[in-house]
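Presented sequentially are two complexes of chain A, the first with chain B as partner and the second with chain C.
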Partner chain A sequence: MKLSNFRFEQAAAIFRKDFLLGLRRRAAFAAMLMFSLTATANLSLSIGGAIFDENLLAALLWVVIFFAASAGISGTFETEAAAGTLATLKLYAEPQAILFGKMFFTLASLAALTVFLLPIFLILFDCTVAQIWLLLAVIFFGIIGLAAAGTLIAALTTSASVKGGLFPILLFPITLPIFLPAIQLTAAAISGADFETELLMTMAIFDAILITAASILFDYLD
Partner chain B sequence: MLTAAIIAAVIFFVPPVKGLGDLAKIIFFHVPTAWVAVLAFFVSAFFAAKFLRTGEFSFDELSARSARLGFIFVLMATASGAIFSKLTWGAYWNWDPRQTTIFVLILIYGAYLTLRAAVTDEKARAKVSAVYSLLSVLTVPFLVFILPRMFFSLHPAPVINSAGKLEMDTEILTALIAAAVDATMIFYQLMKKRR
Partner chain C sequence: MKKIVFENVSLNFGRHEIFKNLSCELDAGKVFGIIGKNGAGKSTFLKLAAQIIKPAAGEVKILGLKNVAAVTPELKIYDDLTAAENLNFFVKLRGKAVNLAEMGARVDLDFQNNTRAGDFSTGMKQRLKFAILLSVDADIWLLDEPTANLDDSGREIFYREIRRGAVEKLILLATNDAADLEVCDEIIKLPI
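Let's turn to the complex of A and B:
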C-alpha cells in the first residue's frame, strides 16, 4: 500500500460518484434487496412455520447475505468497464483511491442490505435475538470482509468473459474465514449463549488482512 | 519420469506387506497426494508472486501448471481419503476439520481454474489469476485456526482420529516419508516436463 499516494478526496469523490450513479440507476441495488427478500421469503414459505434452532437460522441468514451480496456487488466495476471509462478513471485517480472509494461504496450498499434484510428475516422466522449488540458486531465485521474481498474480486472478474456465477465461486473460499465464525457467533447472539471473543477477534483480524491484501494486490491490476 | 513412476510403484507396493491391515495401505497413497496438493497450492502462489514482481509470463505458466497438478492431486487425496474414512469411521464424509480444509482447497483450485478459463486475454488472465492465487493463500492459516473450533463445538466429543496418530512404526513412517518424497518428485518432474 502506497499511503503517500493515497488521496482521501479522490476516494471520497469516487464514493460520491458511485453513490449518485447508484441513485440514478437503482437496478443493481434493487436487485440485491429484492434478491434477499425473495430468498428469505422462499426459505420461510418452503418451511412453512416450522421452528428452527439458532444454528440453522444463523446459517440461513448468512447464506442469504452471501448470495445477495454476490448479486449486488459483482458488478462494482461494471459501469466503468462497459462504458470504457475505467482507464480514464485510472488516469484521474490513484488506484488506491479507486479501490477504497469502491470499497466504501460496497460497504455502504451491504450495510443498507442488512438494514433491509435483518428485520424481515427476524420477523418471517419469528426469531428473537438475545444479544443484539453481538449480532450487529458480527454483521459489521462480516460485511467489512465481504466488501474488501468483494471489491477486489469484482475487479478481477471485469476482464472475464463468463461472468454469471463466477463471482460467488471466487468469493466463497476467500470469505470462508469470516463466514464460519459469523455463523457460529450469530447463533450465539440469537440464543444468548456464551461465545468466544477470539472468534470475533479473528473476524476483525481477517478483515484487516483482506483490506491490506486488496490494497497491495490492486496495484498490480492495471 | 518413468523411473520415478517405477520407484513409486515399488515404494507403494512394498510396505503394505509388513503394514497393519489391508486398510492401512491407502495412507501410502492418501498422505503423499494430500501433501503434494497442499505443496502445489503454495508453489502456485509462489510463482504467482514472482509473476507479479517480474511480469515474466513463464512464471504465470508455472503457477497455472502447479494449480492444475494440484487440482488433480487434491482430487486423488480426497477420493482416497473418503474411501479410507468410509472403511474406518463408517461414513464417506463427516466434515471433520481436515476434510473441510481439503474441500476448501478443492474449491480454491476450482475457482482459480474457472477464473483462468473465463479470461481470454493472456495478459489480463495472468494478472488476475496471480492476484487470486495470492489472495486465496491468506485464508489457509485462518482456516487452520478456525475450523477445529467450529467443528468441535458442533460435535462436543472429539470424533477425529487423534488417538490413531499416537504411534507409528518406524518402518511405516519411513515408507510414508519415502512415498511423500516420491510424490513430490513426481510433482517436480511433471512441473519440469512441459516447460
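Let's turn to the complex of A and C:
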C-alpha cells in the first residue's frame, strides 16, 4: 500500500465531499435502499409465510445486499465522469487518495445499507438471530470486500457503454470467495450453531487481498 | 533552471498529425501565449507540457517544477457544492490555508453565498476556477481560453493575477483572444 499522511488527508477530503454530495443528490442512496426494501418485501410476500431454513435465509440476505450494493456502487466514478469533475479530481489528487476516498465512502454507504436492511429483513422473514455479534462481524468483513472490489470495478467500467449489466457480472466472481463463507457464517449466526473461526479469517484475508489488489491496479487505470 | 523541455515531440490523433519533431524550452517566470487555428493543437500542447498525455515519439521533461493547476473548459467544478465548499475541497486536496473573504475580494466572488455552483453564471464559475487556481500549490498553470466567459472586470482580475503569478510560475495560456496576449512574455504559434 502506498498511503502517506498527505494522501490520507486527500482521501479524507474526497470521502467528506462524496458524503456531502451523496446527501444532496440522494440518487445512489435511494437506489440502494429502495432496491433492498422492494426486493426483501417481494421475497417475503412471495413465500406466503412459509418458514425458511437458516441456509436459505442467509443466502437471500447476501443476494439482496449484493444487488442493492451493485445498484448504488456502480455509479461511484460514472457520476463524476459525466459531470466532468473526474478530470479535475485526477489533476489535484493522487490516484491512491481518489481510490481510498471513494472506497471509504462506498464502505460507509454499504454500512448504511445494512443498518437499514437488516432489521427489515429479520422482521419480514420472522427471523431471530442467535449470535448477533457473529452476524455483525460477518457483515463487517463482507461489506469491506464488496467496497474494495466494487470501487475498483466502478472505476474500470466508468467508460464502458453497458456498465449497468457489466458491473454485477464483474463483481460477482471477484467477491465469491467472500460470499461463500459469509453465507455459511450468517446461517450459523441465525441458528446458533458452532462455526469455524477460520472462515472469518478467510474473509479478513480476502478483504486484505482485494484492498491491496485494488491499490496496485488503480494506478494503471487512465 | 526551472523549465519544461520538448525534445523532438511527435503526436498523431489517428492519421491527423498534430506535432512532428517539436522541440522548444519553456522557462519558469514567463507567460507563454499559445495561439493557432482551431484544431492546431493548443489544448494538446498544454496537456503534453503538463505530462497529462504522452507523446507518440520524443520526450517532454519537467525540470525543477512540480504540480499543475489549470483553468480549462474540460475541468469542471462540483455543481452541487457552494463556492466555499468547492474552494475548501480543492485546498484540502492540494493547497495552503485560504482566507475566504480575502479570496472573495481578490476574484470578486461572494464566498459567503450558499448558492450552489450549478446555479452560477458561466462567468461566476470561471471566477471560482480562478480562485481554486490561485489557492492550490502549483508551479505550472495551464490556462485554456480562460477569459472566454468573463466580463471586463473579470478580465482585469485575471490579467492582474497572471502578472502576479508569472513572477515564479510557468504559465501556458492557450487563447484565440488577441487581448489575452498582452500579458504574455512570449508567443508560440501552432503549428510550429
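Here is the rule we go by: the second predicted complex is superposed on the first by the 217 of 222 C-alpha atoms of A that agree within 3 Å, B and C clash if a C-alpha of one lies under 4 Å from a C-alpha of the other, contacts with A are read in each partner's own complex, and residues count from 1 in each chain.
Simple rule for what comes next: a contact is a pair of C-beta atoms (placed from the backbone, for glycine too) under 8 Å apart; a residue touches a chain by one contact, two chains touch by 3 or more.
Bear in mind the structure is a predicted one, so any value in this text is a computation, not a measurement.
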Chain C versus chain B on the shared chain A, clash or fit after superposition: fit
Partner chain in contact with A:Ala93 - chain B first, chain C second, else both or neither: second
First (chain B), second (chain C), both or neither touched by A:Phe52: neither
Touching partner for A:Glu9 - first (chain B), second (chain C), both, neither: second
Which superposed partner A:Phe67 touches (first chain B, second chain C, both, neither): neither
Chain B versus chain C as contact partner of A:Phe116, first or second or both or neither: neither
Which superposed partner A:Phe29 touches (first chain B, second chain C, both, neither): neither
Which of chain B and chain C A:Ile169 touches, first, second, both or neither: first
Chain A-centred angle between chain C and chain B, computed on Cα centres after superposition, in steps of 10 °: 100
Per-residue touch tally on chain A - higher for chain B or for chain C: B
Contacts of A:Lys17 with chain B and chain C, given as first, second, both or neither: second
Minimum C-alpha separation between chain B and chain C after superposing on chain A, in Å: 12
Overlap of the chain B and chain C footprints on chain A, listed as residue numbers: none
Chain A partner contacts - residues on chain B that touch it in the complex: 52, 104, 107-108, 110-111, 114-115, 117-121, 124-125, 127-128, 130-132, 134-136, 138-139, 142-143, 145-147, 149-150, 153-154
Parts of chain A lying in touch with chain B, wherever the complex brings them together: 55, 149, 152-153, 156-157, 159-163, 166, 169-170, 172-174, 176-177, 180-181, 184, 196, 198-199, 202, 206, 209-210, 213-214, 217, 220-221
Footprint of chain A on chain C - complex, ascending: 52, 68-70, 74-81, 85, 89-90, 92-94, 136
Chain A residues touching chain C - in the complex, by the definition given at the top: 9-10, 12-14, 16-17, 20-21, 24-25, 83-85, 87-88, 91-93, 97
